[in-house]
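Notes follow the structure.
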């Protein structure tokens, strides 16, 4: 295994230290437990938006801490959910009088850790809400699985919720926008190569020289199926087709109710995409794929969406939600309305996303 | 024989050692149907437990509670919260007690398992650690009821855990990361079921080493 | 070979089309000959800043077209210099009354093409200047070689010259700033893996599982030497050490003299770095290395520079000057003064670099 | 035998064919000491030349000029400008002429080579295409001076180009991309020297096929 590392044990620590050294104006990093918060604390009456997850997906989440997006992020070990105490410490390090939104990617470990943390924070008098992101259509049902994974849509949820919080919206509105963004989003990805978890030292799965893996997650998990390598247009049709052809997706989600001080179950449904929908499109690199190829993928996606009368009103092309050095890409489409678009366009200044400031 | 704080310390040290030895194997199992971190997570967490316990004093409940909170803050992943919960709940169940007999131990382990199930909402057959825990505690209950000594009772629990672990091989996962694979998850052991077996095997080993048994009735009758 | 492509022949075309589709507010692409220009033409009295080079280094140069940076870029085939007619057509497509600066990376093909284009443009009455970027210290001398290659410093030169041009500086001042930036810059890179030129279909060089290649260029050229893989801190010490220990670098450069209407030879010297220098640091990914590892490399660089009393006043961490999907990184340090820093900080809005707007 | 526009067309078609055949080989040579594109560049450029010439009419100088500008706009890389320059200069040197004899051809090729040297500033021994061009034109001059027929003269030019090409094997490159390698460039043929040899070999082939020779003096004397 060749990587730019000093030793397997120090990886996350040193990467976080580098991030903090590179962006002192934006963020600071606390260690043991690890978390990242803005270096210029926002107004005391701003809703705090916090997320977190395993490391190895950078710039997600640490690269999205800053004005107009996250107030804090909790990085776990590589591909491993953060622990509840990290989340508690992170929330305690930001202004939280106006309430806290926890954005959780739907993985059992992440959900369990954030649920645990939410209960602990509630006991300490913190008003909070939770939103679970679950946009990966490669996972077909939620009755027989842990439910769809949270992947590319996490970026959209963090940006739109973060923009709303920065604009002074209250906790309920910020949470509602986050949920709406998730319910408007679907993603799917494929890999040309696996990735190597540093502590393991060997690729998680093996692909032949002419094979691609369809429906991968962001942890080197094997995907839905393996196919011989096809053209980019065919790859795009596979991914975007699965997204646009996906029927209504219903599942029961646990959300924290600050009123009741406990978990409530609610049935949430992603309506399918329909002709005429306006979307934000993310063509996301998995970490080892060069930008030039992602732009070619964006071209394919534009033609595909035109054929379905889906209108791409904003786009983002680059490696944003990655799986170490995996080669491949994913597509995320998020149906937007004017309000969501307004907060998407709102100024943002983080290490990885910056506009209008 | 009764279980006290130092017995539990022995158990956890043995478990930490065995899990460290099984680290690569567990990670390899997790690579097949998960994300290749279970061995790393668990080994890291139990090593931290041993370190923390060495530094801290404490009786039975204190040891169990420190184990739970340490696992919760060092393992990460699904198994971290679940194992952490197990020990925190078990600690609460034995609060104030200095020692446990076999029946009390079984009761505490049941309360721990309830913590796992309440958080993770997995049932037997979902291809998770519950598939090792549930039959193991059932066997433990049976052995205790039939008057087996502690070592023998824990031996049957470990044997049942092993069978439960092996039962996960053909299953299609319905919980956790492995569930994403659908049918492709069949044909692999569940890593958490394996680590649970190792944990219970360590418990039986420590009991066997602990020497002269009370209640030989079942063995002799 | 697995890549996100439809066919080897169409690669550059489709990637450029994707770029244009993703950024219609920023740029437009012309084909046959291929070039990229801003979609909102700048003021007629602004100096035009034009660059170009082989494709496969994205975001360089196409991703730097936009406000505050390039007016136009000329992409060649993959790793192949653009042709003179492309450069001529690109310059003819931008306002050029205030003069044109051509920024040329020092490769024989690029230099020859830009020289040819400069002569043709001069015959058509265009006032122009040329600056050759040659910052790669892995190439030791210029007497026995084609001279140092242009690599990471190209970004700095394009940003600082582009900022000056946007601010209304005249051609001579813009050219002088570009030259000063180049003379203050040094770079060096290493690879963990080779890259695969699409039309070739196989990696350009082969590295064993534990080997790294030191002193690579950005075209998959073999480097200076091959070493067993070392720690990140050691890699950084190798690269940054070579940069900071490099003596004065003198060479004879041909620059176009608009006054004389011909080429003039001038001896240019990079003074060595010295304790107390203020620098912009670029930790650049080669295309296949994830961002998280680059931040760890930045951490190493910060400690190394502290040990040498070199003050990093600005930094950029990410894949900016790439070699397809090569894994590895390069370091560029650019000594800056207040004027350079002013134009570095000036607002920029391009696909790949954006700040303060 | 005299050289006219259709002779040159034949030459370029043959060269395009041969360079297409050598594409992978040339690219492989360039991979060793350059950037793995020479075969692709040259094959693409000469294919474009053939296409352009097929579409356009034109006499000797027109054919050469169109060849030069097409190479300049389609090859890319160092060799594109250099080969392009070669043909543009040679075209200028024969402007207005309908045919060339061997001496006139040699003179035009010399002017082309001057274009290469003026732009690229390489000398013999720098491990570039000049190492094939220079000895080839020297041999051509010698053959013409000694009264050889066109085919024989071009045959000696091609042989000298081949020797020149081979002479690049041990050299350390001083120009172009290969020079970055320093000592490591030794032991490899220079790709541009090889493509120049192929170009000159095609010229000799076309002359040999063109049939009955004028000036057999050298051959018979």
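Read from first to last, the chains carry the letters A, B, C and D; within each, the first residue is number 1.
The criterion applied here is as follows: a residue touches a chain if its C-beta (ideal position, glycine included) is under 8 Å from a C-beta of that chain, and two chains touch if they have at least 3 such contacts.
Nothing here was measured: the structure is a model prediction, and the numbers come from that model.
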Chains contacting each of chain C and chain D, listed by label: none
Chains touching both chain A and chain B: none
Remotest chain, chain C as reference, centres from CA atoms: B
Intercentroid distance (Cα basis), chain C paired with chain A, Å: 32
Mean-CA-position distance for chain D and chain A (Å): 57
Chain B-chain D separation of Cα centroids, rounded to whole Å: 78
Contacts with 2+ other chains: residues of chain A: none
Of all residues in chain D, the ones touching two or more other chains: none
Overall pattern in which the protein chains touch one another (line/ring/star/complete/other): line
Which pairs of chains touch, using the document's own definition: A-B, A-C, C-D
Chain D residues touching chain C - in the complex, by the definition given at the top: 27, 31, 33-37, 40-41, 44, 69, 72-82, 85, 119-120, 172-177, 179-182, 184
Complex interface listing, chain A residues touching chain C: 2-7, 11, 14-19, 21-22, 55-56, 58-59, 63, 192-193, 209-210, 212, 229, 231-233, 235, 287-300, 302, 315, 317, 319, 322, 324-325, 327, 329, 352, 354-357
Contact footprint of chain D on chain C as seen in their complex: 33, 54, 76-86, 107-109, 112-113, 115-116, 138-140, 144-146, 149, 197, 199-200, 204-205, 217, 219-222
